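Each structure below is given as structure tokens.
First chain A sits with chain B, and in the next complex the same chain sits with chain C.
After this line comes the complex of A and B, so read on.
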């Protein structure tokens, strides 16, 4: 009930980390041990371990410890540690989700090493580099891309008399029609979204090349006519009856993996969750996301989630960390082929798409060459500046717009309150 | 004499230094911080800017309203429930008293996070609570406990009532056992009806404890954090956002505005002071 209990667990965590680090320091006299903070040990942590295994072939004296946190816990821990002004216990490399990148870089300008000054990032997907760039300096080693697709049970689509190609190159309006036809036959919603998240809106916004805030930090609603257009389209989708409300993340994943809904539209990293159900092998297909009609430059590709590696300027082994990222992450196509095949991690190295792994048909998706598709879409994802206020904007959006979707409020009123609140929050 | 005095100071010095360093300094430092504005570490003195921002901030007003709602609805329910249970369990003729007391006190030893997560799964759309209510034909559609603004508030109130009623009951039980039995005997001899015994004897004699529990519960509710974070994450929208959670978001989740967050936390301090003063005033001994 008290904030105190939270503080005490925080300091306990810090003590444990400090303990672990002093332990590490004790053994690191002869060799260098890099410390990495990340979430999702099977995906992010394991990718890092595999990268280190490759690096160790030439640098046997370097090793790696991955400290695993929840994503929110990691961001909050990092934020409080940097705010405290102490370098004690900072890792060498930290994973940050792309939406939070600018917030960290601008709030703590001295804390992160400008990776772009030491490592050649020209082979990386441009939008990934751009989102961690401040005043022309790139600060991150881009990792997994959240390049999006519509993942669905192909039998549902066929039951309603459609073919896979019917989902290719269509608008959201057409997608709604198809979704409704499928639901009429199967009784299942086509998509799902947790009620307290806005992943679909993120997907639609970036596919149209816009975001909650403009690149110069203003609220998009008043400044960028595309924003309102996207929101109207989003509400159309949400009220069309083809999107199920999930009570939380677990229910969300459960809905499409247990086939309560026909599919899901999100980043490629969801493949790991889908493939976890081996009995559904061959039943799945992937389509490009629909395009928003009436917006110039709106494309069939977008990004949801995705994250990048950052080197702490005050970390214990900054030089080694940079060399490691440069050696493996910036140019080793085989490494990216390896994590793609085993983890479903779509890395941001554009050259890696010419490896065999990207052209291999995936039996889980009935031999569809999904990775080649993702690689193609990755190249056209519009660049968007997430700015520093994404979480504020989503909190404001979720406070007012769901009432519109439920039919309890008018869109104009809700957006007006949204704009007033967001303007207030970001001043 | 003089050396004895300085000896005394020497003995309490370590404690004083600790308290000064870890309590008084942070309190003063956060007060100073509450007058500073700026993003992240780039703070500068802003005078009363943060106070002005409070009055224009719809999220703060929403969080204040939510916290107030929890306070006004939940604390009376819990205090009355705890008082009733304590009186019932104080009856010497009751069988299994020890067992019942333990059962009602047990929620207090569970971790806040653990029970909140358990509640979350019990009150899920297809959770055991909805299934039971449907099975009993009390409702025909599952109640959206977590995703509806009204029911989410109800859920938080149910949660904290379950967790804290037993805690308050223990105080009442202890106080009841300190009341001299002969007073009740005298009342019985005089033919005072049981209802009047409760309202005219028990309650006045419990007054200091009732005051204490009211103040403690008020403070606890104003600082409500763990439950909402784990049950509803403040949602849907901001329907269950509390002041403490807003402070947390301002500091760790959003673009950090440490100064403004400190201002909001001083709002809690001021509210606690005012509400406690009112409660002491209402419960004062009238001549």
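After this line comes the complex of A and C, so read on.
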């Protein structure tokens, strides 16, 4: 803010001149400052700044100020402000995690600008556009993708006599066999999962094109047979002895970065945490995720996490915000190459796949072209409607289904209680 | 038997002391380690303190954040003490048929959770143009804290304020505000000290309301800064621990400086 006021003082002369000129020409041009709320000044906030730097080449009169809050804090803040009905202090653009998209869009239908009506989203990953679409109208500019992979220490796989290709194109059943063989040799579990999170289940659900609730808001368990099949497969994986329990997020990250387990299956954003351990350069590899056998349409690609930009309908500079998103975010491959190379951000523009940054081998992963792989998988992630009740569903799931994994309950009973609890929550 | 009891007492106190001190130790050790080491569970001091500090200072405007926090906490504390003590004094000293009912009504307000007030309060703050200002953070918190406990605490303490003092001051020709400022306030020093600790901590640590009202980075307080440090894509836990130490120090200092008066204040202000 202070910087900006300095800047505006500095450009006072220029503005006066411009003012005089525009008076003469009969058109007004004033400096526009876009405001953005995001949650990580090093990642999404910084990507926004880089996008603006590109936009300013053609539009020097537009500037940007980013305010960052914690992710949950931002959601709470936005929710309170929208509930108050006051547009005072609302930003132009706000970042929302994809799992919360439908909740915001359906709770505050007038609050967000239908981005898809102004911006060409045809080049973005279809599943990213679909998750923020309501009644055929797209409301978001997709940002980072949580396209998934299995990250693992290569040496562990090789110690058990397998090659990297042995993890490609397999089913979860085969993955369990390989994981058990690796554990027999190395003594290490292949995967890790925090006891209070459901990342692995999210990954499996979306790879099969299903979610906790159906697009029309019903509980999937009764309405979509794929859901139960995925849960059965999930429990098979969790009870196979290849998944280590972690007490929380830091222990989870600690497990694979200190090589207590062989790897992790999650979104591409975890790469930054893995690469933070420079001493492990060259030891890692990435495989596509296994496919769930017996479900038609289940693929080797999925998504965990990710977020998108939303334009506030009552923000101060809606038109400029839309033009900015259209100009840079909707089609500038070089921009996406830039944020990938410097920030490790896998964007959602499919065309960026053809840039040099995406095609470069990564020495940390023994020269595997991991970004090209992720970009390929990005295009085939199944579209899923996350609905409004993802967090309620996961709370219910975590309350009952872990008993089945521990052997304390039968699956049918646990799922029945889960369904009852979730149905109550949804009402 | 007696030695067993002593042993048990010390054992119990030892465990409690460990439980209380451990988070502080962990925080200080964490501040000296790199983020990667903290994730791996390293629990002895490292050599990354300077690095963590420089990360924190380069990614955040630390002086501005601390200035904002001190501004909100100090002005908020002073106003809360003034309002709450005046109210406590008034409720105890003046005679009125309705005062107990009014006081009861105010206590009843304590039972309304803040979450229920947040949205209307935001609308109100917006209407008077105080969104994204520190005054907008301070004023509702003064009202909330005064009503919650502090006014009640001052009223209770005022029971012990000798009415003879007030009568004598009156005979000497002092007006009511002079009695309050020159007699009551000095006499109730330890009550003020105890209330200062409680109110300063609450103001310093307040999170939810500043989160809703403050909209730009240059207005942020330290609690908001810490919250955004912790949820980044790749959180730097070392820098986070340094920030946590910075956030803990002022309340620790205030407590140590006012500790004696705090205990006195809790036991009863006037002897």
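Methods note: the second predicted complex is superposed on the first by the 397 of 427 C-alpha atoms of A that agree within 3 Å, B and C clash if a C-alpha of one lies under 4 Å from a C-alpha of the other, contacts with A are read in each partner's own complex, and residues count from 1 in each chain.
The working rule: contacts are C-beta pairs under 8 Å (C-beta built on N, C-alpha and C of every residue); 3 or more make two chains touch, one makes a residue touch a chain.
Since the structure is predicted, the reported quantities are computational estimates derived from the model, not experimental observations.
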| item | value |
| --- | --- |
| Partner chain(s) touched by A:202 [first = chain B, second = chain C, both, neither] | neither |
| Which superposed partner A:81 touches (first chain B, second chain C, both, neither) | second |
| Touching partner for A:229 - first (chain B), second (chain C), both, neither | neither |
| Touching partner for A:107 - first (chain B), second (chain C), both, neither | first |
| Partner chain in contact with A:300 - chain B first, chain C second, else both or neither | neither |
| Touching partner for A:67 - first (chain B), second (chain C), both, neither | second |
| Touching both chain C and chain B, counted on chain A across the two superposed complexes | 1-2, 72, 76, 80, 83, 85, 251 |
| Contacting residues of chain A [partner chain B, same complex] | 1-3, 5-6, 72, 75-76, 79-80, 83, 85, 103, 106-108, 195-196, 245, 247-248, 251, 388-389, 391-392, 395, 398-400, 402, 417, 420-421, 424-426 |
| Residues of chain A touching chain C in the complex | 1-2, 35, 39-44, 65-73, 76-77, 80-81, 83-86, 88-89, 91, 250-251, 253-254, 257-258, 269, 272-273, 276-277 |
| Complex contacts: residues of chain B adjacent to chain A | 39-41, 53, 56-59, 62, 112, 120, 124-125, 146-147, 160, 163-164, 220, 223-227, 233, 235-238, 244, 247-249, 251-256, 258 |
| Residues of chain C touching chain A in the complex | 35-36, 38-41, 59, 118-120, 122-123, 126, 131-132, 208, 211-212, 215-218, 224, 227-228, 230-234, 237 |
